[in-house]
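Common to both upcoming complexes is subunit A, partnered first by subunit B, then by subunit C.
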Partner chain A sequence: MNGINGGKATTVGRTAGLYIGAAVLRLALFTLFPGLPDLLTGRVEISTPVTSFKRLQEGLFLYNHNVSPYDGGVYHQAPLLLPLFALLPSFAALPVFTYLLYIAIDLLSAHALFQIAESGEPGASALYTSPRRDKRWGGFVIAALFLFNPFTIATCIGRPTSVFTTCAILHAVVKAISGAPVGAMVALAFAAYLSMYPLLLLPPLLLLSYDRQLPGRATKSLAQFAATNIGVVASVLGMLFSMSFLITGSWEFLPSTYGVQLTLSDLAPNVGLWWYFFVEMFDSFRSFFLAVFWLHLSAYVGALTVRIRRQPLVVLTLLLGIFAIFKPYPSISDMSLFLAAVSLYRHVFPLMRYTFLVASIIMYTTFLGPAFYHLWIYAGSGNANFFYAITLVWGLGLSLLVCDLTFAVLRDEWEVERPEMVGKEIRQI
Partner chain B sequence: MRQLLSFSLLSFFSLCFAVLTAAADYHEQLVLRPLPLSALLASFNFRSNTTLSAFEAHNFRFFPRSLGQILQHAGTRELHLRFSLGRWDAESWGARPWNGAREGGTGVELWAWLEADTDEQADHQWLTLTNALSGLFCASLNFIDGTRTTRPVMSFQPEGDHPNATDTNTHLLYGVLPHEVVCTENLTPFLKLLPCKGKAGIASLLDGHKLFDASWQSMAIDVRPVCPPEGEGECVLEIEQTIDMVLDIERSKRPRGNPIPRPLPGHELHCDTSKPYHSGDTCFPADSTANQDWSLSQVFGKTIKGICPLTDPNVPPVCLQVPDSRSVYISNGGLEKKNQDGMSRCFEIEPETTNFELLLPRPEDLPADNLQAGQQVENIVKPETPLLYAERSFTGHGQERGGVQTILRNPSPDKEVEFIYMESLPWFMRIYLHTIQARIEGGPSDHDPLVQEVYYRPAVDRARGTQLEVRMRVPPASTVFLTYDFEKSILRYTEYPPDANRGFDVAAAVITILSPNKNGTRSATYNLRTTSLLCSLPTPDFSMPYNVIIFTSTAIALAFGGMFNIIVRRFVAADEGPEVSVGSLKQKLVVPLRRIFARVKPGPR
Partner chain C sequence: MSARPPIDNDTAADSSTGPTVTQDENAVTVDVTTPATATATVTGTGTGTGTETGMGDSPPKKQPPPEKASDARRRTWVILSFWLVVVCLGLPIWWKTTTIYRADLPLDEMLEWADGKACRPVFPLRIAIQADSLHEQEAQNLLRLTQHALDDLNDFSGHHLRLQLSPPSATDDKPNPNGDDTALTIRLVPGEATTATLDPYAPILDISYPPNTIPSATSSSSSLAAYVANQLRSTFAEEQAIISYLLSTNSMPSEHRPQGLTPEAAESLSKRTTRSLKYAPTYHLTFSLLTSGPLPSSWDIEAAIDEYMKPVLDVLSPIHNFTIDTQVQLYATPGVQNQVLNKEDLSSFVNAAEWPLSPSIGGAPTVNFILFIGNQTIGNAAQLAEGHDPDNESTTSPSWLIPQWGTVYLLSLPHDTTHVSVSTLKQPLLTFTSHLLSLTGTPQSGSLPLRLSTLSRIRSADLLLRASSTLGSLARLSLALPSISIPSSVADGVSTTMAHLRLACETLGGAEGLEHARIAEAEAERAFFEKSMVGQLYFPDEHKIAVYLPLLGPVGVPLVMGLLNEIKAWRKRRRARAEKGAEKKE
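Right after this comes the complex of A and B.
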């Protein structure tokens, strides 16, 4: 008894140490390199038009001076961020409060990941238990991998608002696993309110919370459960929108925040595939291809949810990977969330076929991307194709990772039916 | 006899006409002012009036009919149109002519007060106006669309009197085309608006080759209603056409006989002998300020072809601003009148004169090659110091982001300057207003803030440009830096002009200096404009839209295909399931082919 308690205490102590270490590292980066936050904020890999901290400051400045931030082409972020940041002491005078807020958000996300890993959901969901589940990483390792991932650190220092979405998504998953469907739906509604695309995570999240209902208060009918929870999401979203309406005084924030993502009117370069495609697109086909790209993005939701019905968290992970590649304004912040979710599936790593290739591609593009961007924008010795080529390789590498993880998870499921096939060569027909 | 009768009738009618048109007069004047550094400012001014009632009855008289009909059609109350080129060198040339009120930034500028009930109607009328003026002046004014139009709040005040106008039905719209190249095709329609069409009077000096070769030139058209003080007659609609140009005298004189610039022979060089290194084989060029000697035919290429018979005889057509000590030669038919101030003189031309020539010789009392600094100034009128010097430039490098810095210097030792700084920027320069900063060179000021009021209307992508108006002040004898950051956006490839890597022109900033009135309010007294800027945006590769579409589509197809391939298909062991190999494929192909061959081939039966 004592031993168990002592073990738990050391785990708690270790985790606290991890969090403190991560916080100190970030604070040190913020304070010891005063030029670093602004440098990273200006990077296109971190800040997109819909998440940039500089644009947030501009929106805040306009909001504080009674100019509607949505009556312009700069600010495309959710209205409720404005009062939140207006409550903080002015960034110009006391930046440390903003730093602390971003560090806290990172720690909250890490703690959510810790809880997800500790719940054992990745290895053993309600409907399926992996034979390999013992070979997994604990919450401490998962949280450490997230907190000390260079992509996460760079994101935190660059302060895009996508970290709030990341945090909301992770907490939605935690609530769903712990049997609190309403909490999960509220968190998801917040994520969707902040950046719209998390709404596509609703079907797998519904299934996850349906599977993980507390025995005492379970709703048997899936249709009834889905209807109730979709109602919760809709009403929370409606509430958030009406609060936004009260704050900004008009509905013009809708086209300015979500319309921009739907129509891609701002073509600022980023790590995704959309911007250059729509720079070069012929005007008459623009709306057609916008529809195709959005349709493509949402096509995976249904297929994955049905095919991997027994492991909804896998579906969530894969969708996060797909969004990190194919959403209109992706950044490395989405990549860090996806990588953290992938690390939950340590037990299927041996079934993956291209881990070395994927790791090489990610390293290659991480170093070559900024170099080629510099050649295009500053040195003038390269052109836009240089950076475009790197985003293409990045997208291909990530989609290889997503496909490979899908393969590994499905093979893991299949080997429960055919235990004799473990380690054998297989093919798909 | 008959001829005599008709002549007397004509003169009778013309007398009647003169009486009738006491209000509807016309006058023109050319003011020549030598400037330092061998420059000559020539200001042409043409002004005609018509009463508002006559104008509304389509009785245009001296008012150009083509323009008048456009103004009536578009409901224009007041109109200002500018065509400009070059840069006014305030450091050497001093204050601007007309206090800057008759000049524009590089390119074309247009602002007008339109009478309309709603903003939409005003926009519609503005569209009508710009398109009509575009045709009239052969300029691309029709490209002044929503992204280039702003509604200034503080910078512009109506010059005319609008007694029965209210704020709600009068709309000020301002459009600017910094990329427009002003050239001869704009001058020709400008001259056609004049009553004498450039055939007689001072307008006969205007020639595209000289005008557009000037260091700086600005053509202006101003139409405004002017009302006399109450109870003293009728309101008139006044059209004022102005051309200001700064000619480089050396350059203007050169093409005569020596059109190709060649180095002067050594003995013709004017050297500054006061330099310590001056010797037989070294020469520092002497300041040519006092060497100004020119004649009208030298600088303009021709002489004045008489006077326009319609012009008001009380206004002398040519004035020259040089000190009285200098002698000026004029051709027969001219009459010199020196003004009281001792710094200018005017010339009247008799109606019969067909060619009027004016010659300003080199000051005779001083040997040309041996001038001293103190004596140089006396030979020309010393330029007036402007109220404010302004320079604007880009900061930063790269095609991602940058900053704009305006250096505003107040030369006055004891007077503060208050002014409105207005920028209208294209939408693809996304400015960050929270970075706007005004600082005094050499430390912050401890009293009032420099920026007193900001009006800002942010840009909307592809729909509206940024409008920024800042009311600020510069303390005496100090320099203020106004800076802000902006981000350059990448455009769709069809939105780039053919010369995309040249960059995009950014219109001049308009600075309106305010001075206190008698009744406590402040009104504009002096205008100046900075130079326009060239902003280079990141460019995509224009040669490969197909390649990009194909590559991206392939990447997406690979991801989609790879994913659904895994999702849709079943797992089997490598040796299970139907055989798929080259052998089995061959079988599948060969068997039907054999059957066909068997049918076609006439085999033994």
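Right after this comes the complex of A and C.
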């Protein structure tokens, strides 16, 4: 923190340059390769049934023609996205406005990451200060890593609506850290409204904003604080739902958006682990295993929140990683968010043991995944197992990263209690 | 040493990522659990245990510092948070989503229907006697005596003829065959001798009697009464035989089963029932003109049907609806090319592979009528043995009936005929009509109105019995397979079936009874062949292990181990506390 004071002006200038550079790169990709956006929009790794830009356009067309956007069973996204995109000039005539919107969302997310990094929360939370915190990366590096991550760029060009969720989650964290619990809850409610699963981030986010309350108007009782903020989330969600009801004229959007995520009625392949499993599932056990998968996804929330109580942001990061693996419709946009959050923990990287393995797996699957998908779908010389094997390896790599980060963070905490063990190898006896 | 400390539950690791990650991490986060569960630690010794770290300077067997109470409590909370999800959400969901839904079926009642205990099929046939020339008193007396004679003759309680005097006011009108439920009207007319004639167009039996045969008020027997009773009995003999045959084939208890059905009679009846089509409210009639050559290529079928067949279709209309289509096929090759067809050839004459005879159009079963123009003839066995005998020609009909399928009629025409006229079609169509009647299961004796009313009674009995036996099969199936699911639609179907069966049983013999029996049968079939029931027909318990274990096994092992360790530690603590308390007291 101290190092920044000297060159505040130059830092601002540098950051602005970074943002401009990222925006120009994206605009250049959009305009110089006109086929690229459509190509990436069609990729299953980027567009899932609940985030696809193509499906958004279908819903938008129906909405603009006064037909329920959920007719036809193609559109599964939140209804409030429709008026937002209807306000933009027609995508067919002037696509640049859509491009600009997506670039702006990316920059907003990057700026949120910048603020999180600059706040020092990753290294020193309210209850715990890491002895290694000086080795961290500054906001500029974190933002640059996010903005120039190929996954983020591909997501931006492919224009799935998951970028809105990413942006909302990051801003919820920023608000929580900066002592604005209500703002954090509102942002989280937006994220939950758009994709539902961010609602599971509520417990660690509550703790984070509880720890980071401004001293002037802090609520002492955690129960009271939690109740108030859950009330805020509920009322914002209720408001969003009633606005959606007013726009679409029926409650049909609830089963069409959240119902699809809960029941996995669209079995289009993606980088997650669900689709293949439920293609093969006995019909009579389908509902049971749907419940098992969802419970598995949510079971980590309580335990992680209790275990790493002193660093709520770590819990949020780990949960984002778990969601990127075990969500019903994950995509590489979840991966880019998780990687950005992991990069906040630069100071514990030396404690991680599988960084090389994880990096290799992720790169290996990044190249082999599209190849195997091509073999299966277009060349016809492979089958669904080819692609599913790669998504399994992808999930394995991600879960290794989640475990490794957990290990590193816990070891970091432990070494504070047992300073004599610093630097020693561990083993089980 | 393989016991896993409970703390590994709080890693975010996917349980499939292998034990190294979690175990290594245990070693860091948990130095020592309570002494009994101390399994993981960090040591400085590098000797003998195969670790790659060499820290020989630290003393061997160094014990880590005891675990802090707050850490132990936190671990309890972590384990609890997992188990809370499992117990509060997982178990109810598991219970709710995997229990097989078995709607309550009234099994006893269903089996009663199947055994014929719930309904005793009784066909009360009302027979009116019109005796205008007799006094009220005399007529009553005759009626009483005839009824006695009938009851003496009757050995089958299910089929009951009940006589009644038709009111004199109605005598002027023509008796209305459909209006009331009178099955037959007997018109007694004075005459020379005792004769009986059946009116061919109405259900009326004309009986003439010499005046002296009228029984006196006191006599206990009368030849006229016996004569009338015998006439009635012979009129309804066929119906009675058919119904008793139906009852005997449908697992009715023996006390309801009529006696006196000879094996030969039963055999001929069984032949007849196998010949007739299964009951359907609508039949589809297909008339096909198949010619062996290029001619004739057209026929006056519409006019011919209107003229020769329509009247019968009209009288059948209360029982069945008919839809009709026709087709012409030139150069049709029969399945058998012989000039003279033997009995064996007839079964393979229809060329099912090439002739466009679709099995059924829509939901209705199809009856096929084929008029084949060619020069083939049917030779019967006797003819073939004796040589060609021109006198015998007329005894061989040029047509034959294919059970449950239709009729083929061979017609030989001059080679240059291009058009088949109505008059040429008369004989084929009359044959088709009579075959249609036997295909629908109409009895063969008696006048047409009587045959038709008999048909409707036979059909209701048949449907009633069939629905009952389907109910019985369903009940036995659900008893035999305890793991089969029974959706509520099946239960609904069963209750509808039983409601209509009850109504049908009450109104048996009338038009209503037929309608109820039809609905009951359709509902029973629908319930029995419910789709979702069949899917789970065979799912043994071993398969459940294969379904649950691959996922829930790996997830369950760390959960259960963690819980067990935690319980062990808790008991240890309690014992230690108890000992401490005891020491203090001492």
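Throughout what follows, the second predicted complex is superposed on the first by the 420 of 429 C-alpha atoms of A that agree within 3 Å, B and C clash if a C-alpha of one lies under 4 Å from a C-alpha of the other, contacts with A are read in each partner's own complex, and residues count from 1 in each chain.
Criterion: a contact is a pair of C-beta atoms (placed from the backbone, for glycine too) under 8 Å apart; a residue touches a chain by one contact, two chains touch by 3 or more.
From a predicted model like this one, the values you see are computed outputs, not experimental measurements.
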Three-chain arrangement built on subunit A, subunit B and subunit C clash or fit: clash
Subunit B versus subunit C as contact partner of A:23, first or second or both or neither: neither
Subunit B versus subunit C as contact partner of A:100, first or second or both or neither: neither
Subunit B versus subunit C as contact partner of A:287, first or second or both or neither: second
Which of subunit B and subunit C A:265 touches, first, second, both or neither: first
First (subunit B), second (subunit C), both or neither touched by A:73: first
Partner chain(s) touched by A:298 [first = subunit B, second = subunit C, both, neither]: second
Which partner reaches more residues of subunit A (counting touched residues only), subunit B or subunit C: B
Which superposed partner A:276 touches (first subunit B, second subunit C, both, neither): first
Subunit B versus subunit C as contact partner of A:62, first or second or both or neither: first
Which of subunit B and subunit C A:414 touches, first, second, both or neither: both
Overlapping segment of subunit B (options 6-14, 60-68 or 222-230) - the one that collides with subunit C in the superposed model: 60-68
Residues of subunit A at both interfaces, subunit B in one complex, subunit C in the other: 282-283, 296, 299-300, 303-304, 307, 322, 325-326, 395-396, 399-400, 402-403, 406-407, 410-411, 414, 418, 421, 424-429
Contact set on subunit A toward subunit C in their complex: 282-285, 287-289, 291-292, 295-296, 298-300, 302-304, 306-307, 309, 318-319, 321-322, 325-326, 395-396, 399-400, 402-404, 406-407, 410-411, 414, 418, 421, 424-429
Residue numbers on subunit A that touch subunit B, as the complex places them: 42, 44, 54, 57-58, 60-62, 67, 71-74, 265-269, 273, 275-283, 293, 296, 299-300, 303-304, 307, 322, 325-326, 376-378, 383-385, 388, 392, 395-396, 399-400, 402-403, 406-407, 410-411, 414, 418, 421, 424-429
Partner subunit A, residues of subunit B touching it in the complex: 397-401, 427, 430, 432-434, 456-462, 489-494, 538-541, 544-545, 548-549, 551-552, 555-556, 558-560, 562-567, 569-574, 577-578, 580
Residues on subunit C engaged by subunit A in the complex (per definition of touch): 1, 9-14, 16-17, 21-29, 31, 39-44, 49, 51-53, 55, 65, 74, 77-78, 81-82, 84-86, 89-90, 93-94, 97-98, 535-536, 539, 547, 551-552, 555
